[in-house]
Amino acid sequence: MIEIKQKEIKTAGIIGANGYTGSELVRLLAFHPNVSLRFLYSRSNSGTKISDLYPDLTTICEMVLTDQPEEVDILFLCLPHKESKNWLIQNPVKDSTLVIDLGNDFRLDGSFGNRNFIYGLPEINKKQLSRAKSIANPGCFATAIQLALLPLAQKGLLTEVYTTGITGSTGAGQSLQATTHFTWRNDNISAYKTLKHQHVDEILQQLVSFNKNQISLNFVPWRGDFTRGIFTSSTVKTDVELSDINQLYQDFYADEPFVKVSEKAIDLKQVVNTNRCVIQIEKCGDVAVIHAAIDNLLKGASGQAVQNMNIAMGWEENSGLNLKPVAF
Amino acid sequence: MIEIKQKEIKTAGIIGANGYTGSELVRLLAFHPNVSLRFLYSRSNSGTKISDLYPDLTTICEMVLTDQPEEVDILFLCLPHKESKNWLIQNPVKDSTLVIDLGNDFRLDGSFGNRNFIYGLPEINKKQLSRAKSIANPGCFATAIQLALLPLAQKGLLTEVYTTGITGSTGAGQSLQATTHFTWRNDNISAYKTLKHQHVDEILQQLVSFNKNQISLNFVPWRGDFTRGIFTSSTVKTDVELSDINQLYQDFYADEPFVKVSEKAIDLKQVVNTNRCVIQIEKCGDVAVIHAAIDNLLKGASGQAVQNMNIAMGWEENSGLNLKPVAF
Amino acid sequence: MIEIKQKEIKTAGIIGANGYTGSELVRLLAFHPNVSLRFLYSRSNSGTKISDLYPDLTTICEMVLTDQPEEVDILFLCLPHKESKNWLIQNPVKDSTLVIDLGNDFRLDGSFGNRNFIYGLPEINKKQLSRAKSIANPGCFATAIQLALLPLAQKGLLTEVYTTGITGSTGAGQSLQATTHFTWRNDNISAYKTLKHQHVDEILQQLVSFNKNQISLNFVPWRGDFTRGIFTSSTVKTDVELSDINQLYQDFYADEPFVKVSEKAIDLKQVVNTNRCVIQIEKCGDVAVIHAAIDNLLKGASGQAVQNMNIAMGWEENSGLNLKPVAF
Amino acid sequence: MIEIKQKEIKTAGIIGANGYTGSELVRLLAFHPNVSLRFLYSRSNSGTKISDLYPDLTTICEMVLTDQPEEVDILFLCLPHKESKNWLIQNPVKDSTLVIDLGNDFRLDGSFGNRNFIYGLPEINKKQLSRAKSIANPGCFATAIQLALLPLAQKGLLTEVYTTGITGSTGAGQSLQATTHFTWRNDNISAYKTLKHQHVDEILQQLVSFNKNQISLNFVPWRGDFTRGIFTSSTVKTDVELSDINQLYQDFYADEPFVKVSEKAIDLKQVVNTNRCVIQIEKCGDVAVIHAAIDNLLKGASGQAVQNMNIAMGWEENSGLNLKPVAF
């Protein structure tokens, strides 16, 4: 076979490359066929090789972290929440640069100077994202819970939702805390931010725009004793038959490469180290439970950022995202 | 100091000593000041030393499993669900023997010949248990969820309850299954028996007897990637103030040695390897969440069986149950 | 940029695709640019979709397992040890087919009819492998330990070696055993096949061919409480300076894409979900310790099989093996 | 039965009660029949309830940490290494007080003013310990490795020893470090202090006093992905038959309540949450491997301290140490 193709290469930089989501982006972009990583920015680790911070990157990416950003085609912001806006103010970026923010600065209100950040959940905003220059990447729990509820919201079937979700320790970032100490966390389960998780507003803003009427989301997040992944179970009342709900979900996600609706039992490790979301629905009487699982660092953060980049650049949506599942 | 006391020693036997709950009873009774273990019964492992099956028992208990039960003062049934009744039919037991069944044969209907099995949740039935000759030990999830909800039920405050619970692998017993394979279960989370767990009936029967009116319990059980413990979060609506709920719980459990209501964050490992239950309540608007944690093999099974024995025999309720927490 | 290239596509089949190494090959070959998977063979699971056995493969590979092998360019044998030879006798394969055996049937003696299996450790046999039609893929511990010792063996510096290695549960395969039960294995460590592991002969046969004189290898394997990976520490006596040993290793592996010698501390997760081996040497007095880490299912099995295929087919050695590390 | 006994009660205090070994002592002493805990000393956490630091201690011990030590009969020092000596200089203690130091200040040289610290490994020094007023509690790895080697040393059979040991995260204490971060440590294995662990000197000092001739101990410690426990495998050359070695070990430990020599496979969880050590010996040709397992916080620290206290006070050696194994 003879292939003739013009491979487009675009330059990219990562602000906050020293954190978990930043380094995970490096792992993805290092093998992306259309991206040339130009710089990795970190104030605190400037001068250090990224592969010294994350030795798994040895031979994959050995760039030195810098505090001097350059002009690039695509800029990823992997900063702590509430720091992206300040960074952009202090480091103005050309209008033509695609900016993808993995923080939560622009998720609820995307307007910022000339820019208008589009909420980067491809399964609802693909068309706008394909034209976007500014993308607000969703939160990890927000991604899992929205994907679990969107088809019902679209039909106006949501009123009261009860969700429990469990997250791996990478969700808490790399800072050393009592609740990320191995001795404490191993074999342990605990609740945090009960009914007050910051992703609830983000979820409701999107769901309500579909559902039209009011939704109440009672969300209990748990800390899990594993590193990667999110598993959520959302309980709702509905008299729609299970087979119809399954059909509704299958139709809603028919063209989505990364969302799979299963009629068999799902489990978290089906998606770990992939950009996929698996969903399963069960029903008993008029109560339905929707389970969903994602990798919090991939579909819940850096993988979805690459997916959004692909869409915005007109590349294959799964480019650089054909990841071997860890499976075991 | 000079102590003069008459220490009562009673004989005990365990039917099904080769399983997890049976062997856990051995670990407890071996150090109980008032109990002399007389026999360990197992059909499948007859002739084998219990310490060959469970080498941690070496030097603690090296009895040989037998298929010949003897007459004893206290008989524990640790059989698979639905086998206790048959066993008692085939092996008649004297009326004076205290029988404690850890299975679910007598939880919903305790009548059996001359015997009337009392539901063995000491926090509601202590008086009856103190006179009982037949005790139906509660299920593990049933224990955690009831302890989390009883004070509200007693006030008639329950209508709709949404509970998620996660259990360690010992809850699935020692049989080898796909879902107990280490390769599958390590770092994994999954749901099972969604809305259909067999403990729901047991829970509702007790709660409704308190609550007076109808309760609906939507229970989503998860398999956890740890061996011991149960953590549950139950979400309910109520306009009672958090401080009043806390007071209600403190009062309800004031005299209970094994239930502790905490106003600080709780976590599973606070109770692992103990007979304790810790409970914490959080509230936001008119929604309350009650978290509870137990060790599924202790307060959820064998520990509670010993607690029930102590009550029925008139011994100190925590006799043999002053267990060092594993903590880490 | 304009690329003109002729992409070669070869057909492949997997015998024993239902096991861990077989399914891991599916995960790799599904994304390999030069391979078209033609069939997945399994006697026991014939008729079942591979993605029903391993749901992580949903959308990645949904082929149905068959008991009818076809003619292919490349054939992988992923059978239990001692079954490959029988399979080839009962299912004759064309001489032109590249056969890669992941079992141990041909590791010590590669002659089989017209075929002569080359020991598939690319770091020593790359030239022969590039012309091979029959490859005996090394064992997992054998790979890690040889890579740790080869540079010393080449210089004739080995006499007595003391190695401890720890392996993840996937090394024990998917059968349900007492030692792969989650309840037993979680947080547990144990030794097995002390001084008698079947890989010792395989290791010595290769090392001695380099080292010229006798080597004794005292190997203590441990079962670890994780799923993927092997970590080994080998202790030897030598008066060569550490800096010289490091140089020796750097030189030996200078052209190897998958072996990295580090002067900093290594850890197992640096290589999990990759085809890489990391090595670190430490020294105190005349005693040197060589640490090595691999992913037992990748560099220790299926990844190395793909690497061998790439070499034998004249493709880029890392084709299909640019795997995102799981890292966390 | 009528018992008449005079129960002796002694007062005790813990210096450094806020750390892991300190809090583990609290867990043990709270249930010890002859000990009345008088104070828990901590400079950094003075004024805080111990059960606020370690909520598992709720209802078990709710003492407030103080920076005012009192006079007590028994004083435990649970300070970071190198701080015990200073503490004793700054806080003189009556000669009649039994001082047990869990640090390493007095292990190699026990002389300190009027005091002479006895090395607190009961299996070799029981007689001296029974008269001791000052006890240097051994290190965790030092305990496991000495118990594994003592019978051979006693017969002068040791020359060259190769030991690998793996330890749980509690061995690293409660400080937050990169290597105790859950995200890093979960499912990970790594070596540290290769050939340079501080316990080697302590081990050799004792072994050589038995063995008479020189011993070289090549010790490679690993960090394990579990919280509690130590497992070691020590390889030595000897032409003594395995049955004779087993007999030697059985004889050596015949009267020891906490050391058990097994001819069957041992594993770490047989001893977790107990004060026991299990040992197994395997042999192939002239090479013997001795495996040993302990709980690093109990037989490796606080449990052994209680055992030493019992011996020094003339109480039952296992008083307060009949701990239920966690087993699963």
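By letter and in written order, the chains are A, B, C and D; residue numbering begins at 1 in each of them.
FYI, contacts are C-beta pairs under 8 Å (C-beta built on N, C-alpha and C of every residue); 3 or more make two chains touch, one makes a residue touch a chain.
Values in this document were obtained by computation on a predicted structure and should not be read as measured data.
Any chain bridging subunit C and subunit D, meaning touching each of them, is among A, B; the list is complete. With centres computed as the average of Cα coordinates, no chain lies farther from subunit C than B. Chain geometry summary: the mean Cα position of subunit B and that of subunit C are 47 Å apart. Taking each chain's centre as the mean of its C-alpha atoms, subunit B lies 33 Å from subunit D. With centres taken as mean Cα positions, subunit B sits 40 Å from subunit A. Among the residues of subunit A, those touching two or more other chains are numbered 20, 170, 183-184, 186-187, 225-228, 266-267, 269, 272, 328.
Subunit B contributes residues 1-7, 9, 20, 23-24, 27-28, 31, 52, 54-60, 170, 186-187, 227-228, 257, 260, 262, 264, 266-267, 269-274, 276, 278, 297, 322-328 to its touches with subunit D in the complex.
Residues 20, 169-170, 174, 176-178, 180-187, 225-227 of subunit D touch subunit A in their complex. Residue ranges of subunit A in contact with subunit B, taken from their complex: 162, 164, 166, 183-184, 187-192, 194-196, 218, 220, 222, 224-229, 231, 233, 235, 265-269, 272, 282-285, 287, 289, 291, 293, 328.
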